[in-house]
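Next come two complexes built around chain A: one with chain B, the other with chain C.
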Partner chain A sequence: MYRGASGMYSWIGRRVTGLGLVLFLLFHIADTALLLWGPEPYNLVVRIYATPFFRLAEVGLVASVIYHGLSGLHIIALDLWDRAHSYQRQLVILEHALFLILFLPVAYVMLASWLLH
Partner chain B sequence: MEVKLRIKRYDSERDEKPHWQEFTVEAEPTDRVLDVLLHIKSYIDGTLVFRRSCAHGICGSDAMRINGLNRLACKTLVKDVSSPIEIEPLNGLPVIKDLIVDMQPFFEKFRIVKPYLVNDETPPPVEWRQTPEERERFDDTTKCILCASCTTSCPSFWTNREYLGPASLVQAHRFIFDSRDRAAAERLDVVNAREGVWRCRTIFNCAEACPREINITKAIGQLKKALVYNRF
Partner chain C sequence: MTDRFVMSRARPSSNFELATWLYMRVSGVLIAFLLLGHIVVMHVLHHVDEVDYSFAAGRLANPFWRIYDLVLLGLVVSHGVNGARIVIDDYVRSHGLRTLLKTALWTVGILFLVVGAFVLFTFQPVTG
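Right after this comes the complex of A and B.
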């Protein structure tokens, strides 16, 4: 195992969340396509999303969207400004701080509305 | 102080797979990892093999993975790495024996980018002149010692051995941005190819591994911009 620095772990996070988002899109296209057979099969499948596993997966989905989006902005900054390369570590810290600031309140709202009702 | 080492041993002519061997030696905290390896080879196990030439961080021959990071053994002090010190060959190049890897695939990619000045114009009477600003554009990438630490730390290279790799792109940068050179367009064609600059995922392992502290990811970024804006 290569013990790379922050950039490598940020890249792994970007990859994992990217794959998660692709997986979600495939699911989403498939469940929406069920409407072609009428509302019954669609409602049946959508009811599965209310199960605890998919509730947690939804929180994971929000985490993936926020993480992948911020990671993309990080890469855009590096692509556009040479000077950003001298602040790579600070950018990784900023990226993860922003992720926590954006994700934690959303996760709280999602989980609280589920667990308290 | 007592230093423990775990060294990955492999003989491509005898062994089916690599194995770890442990050594315990006495060393000073300010000794280099290379000194410890030389001690093992001289006094404990003469069959251990590794490359080293200048032993002063200039030739780049003793690059290896030390505690999971690509480093030059001659520039890494024992006190700066935790014990046991794990030493492995560079990743992504075929291992010949112990810590010696086959550098041919690395140098093939180096040669592809024409790592030499191309200029068929009549030379000026005294010398090719450059302003400090013109020199500054490629100053960082002149420092490369071809140790392969960057290329063999790159996940894009591990998964695709056809990728030119950071070291080759550093050489391309060094000449593309040199005002005296006339083959920038040819080199840009090479780095713009499928296995060229666009395989870089800005992971920064290369810049972290470089013993000369070249900002390699920045150089690769400048190559990308040169291609997009056709400006160099």
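Right after this comes the complex of A and C.
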């Protein structure tokens, strides 16, 4: 079993968010396919995305996308830059700092437009 | 300290693993850009409570979004299925179960890819 240092959290986070995103992807392809059956079935199903539970889940979805993407850029840095492993801890801190910088404003916009609507 | 990092630098041994290793990087970067556009348009400029049949029909009336969605669909399904395959390879020790899960994964992946592409190619809005 892989027991790394701080980079392990990036790796676990990438796996967990990746699997979550695949599950959402399958659901999202299925709901889009309902377009072929006309307005009624499509509107019935996509309406659930506007419920409070899914508005919150949507913020989690965007968090997963941003986390997974930054974590992916992190491993690309490890692949391409020979000295990256000497800065592994700094890269992990940078990755998580970037996550907060990107995610917090997006979460604010999403939640504000919902709650203040 | 160095030894542990040498392991993480090990390159895949077979051609398939090398190809998918490279593919995950290239597709990942492309997805990052395309998904950024998708999220900004669908979740920041617009919101999920606006999304209904007429919204989707209006969006798909533009060939640009059909092609955009088609490219994104192909990238995310292949990237996601390959990622899940790697997780199965890592955790499922039983040979039979591993084969079963991977067969199911590829079947579901190809099925959803075909369904998604079929929608993007053939969708015509119902009027009235």
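One rule holds in what follows: the second predicted complex is superposed on the first by the 113 of 117 C-alpha atoms of A that agree within 3 Å, B and C clash if a C-alpha of one lies under 4 Å from a C-alpha of the other, contacts with A are read in each partner's own complex, and residues count from 1 in each chain.
We adopt the following convention: contacts are C-beta pairs under 8 Å (C-beta built on N, C-alpha and C of every residue); 3 or more make two chains touch, one makes a residue touch a chain.
The structure displayed is predicted, hence computed values, not measured ones.
Trainee: Determine, for the superposed model, which of the two partners chain B and chain C contacts more residues of chain A.
Mentor: C
Trainee: Is A:Met8 in contact with chain B, with chain C, with both, or with neither (first, second, both, neither)?
Mentor: first
Trainee: Which partner does A:Pro39 reach: the first (chain B), the second (chain C), both, or neither?
Mentor: Second partner only.
Trainee: What is the contact status of A:Phe53 with respect to chain B (first) and chain C (second): first, second, both, or neither?
Mentor: After superposing on A, A:Phe53 lies clear of both chain B and chain C.
Trainee: Just chain B (first), just chain C (second), both, or neither: which does A:Val62 touch?
Mentor: A:Val62 sits against chain C, while chain B stays out of touch.
Trainee: Which partner does A:Leu78 reach: the first (chain B), the second (chain C), both, or neither?
Mentor: both
Trainee: Counting contacts the way the document defines them, which residues of chain A are shared by the two interfaces, the one with chain B and the one with chain C?
Mentor: 4, 78-79, 85, 88
Trainee: Across the complex, what residues on chain A touch chain C?
Mentor: The touching residues are 4, 15, 18-19, 21-22, 25-26, 29-30, 32-33, 35-36, 38-39, 42-43, 46-47, 49-50, 54-55, 58, 62, 65, 69, 72-73, 76, 78-79, 85, 88, 106, 109-110, 113-114, 117.
Trainee: Given the complex with chain B, which residues does chain A contribute to the contact?
Mentor: Residues 1-8, 11, 75, 78-79, 82, 85-86, 88 of chain A touch chain B in their complex.
Trainee: Along chain C, where are the residues that touch chain A in the complex?
Mentor: 4-5, 8-9, 24-25, 28-29, 31-32, 35, 39, 43-44, 47-49, 51-54, 56-57, 60, 73, 76-77, 80-81, 83-84, 87, 108, 112, 115-116, 118-119, 122-123, 126
Trainee: Quick check on the complex: what are the chain B residues that touch chain A?
Mentor: Residues in contact with chain A: 65, 67-69, 91, 153, 155, 201-205, 207-208, 215, 217-218, 221-222, 224-225.
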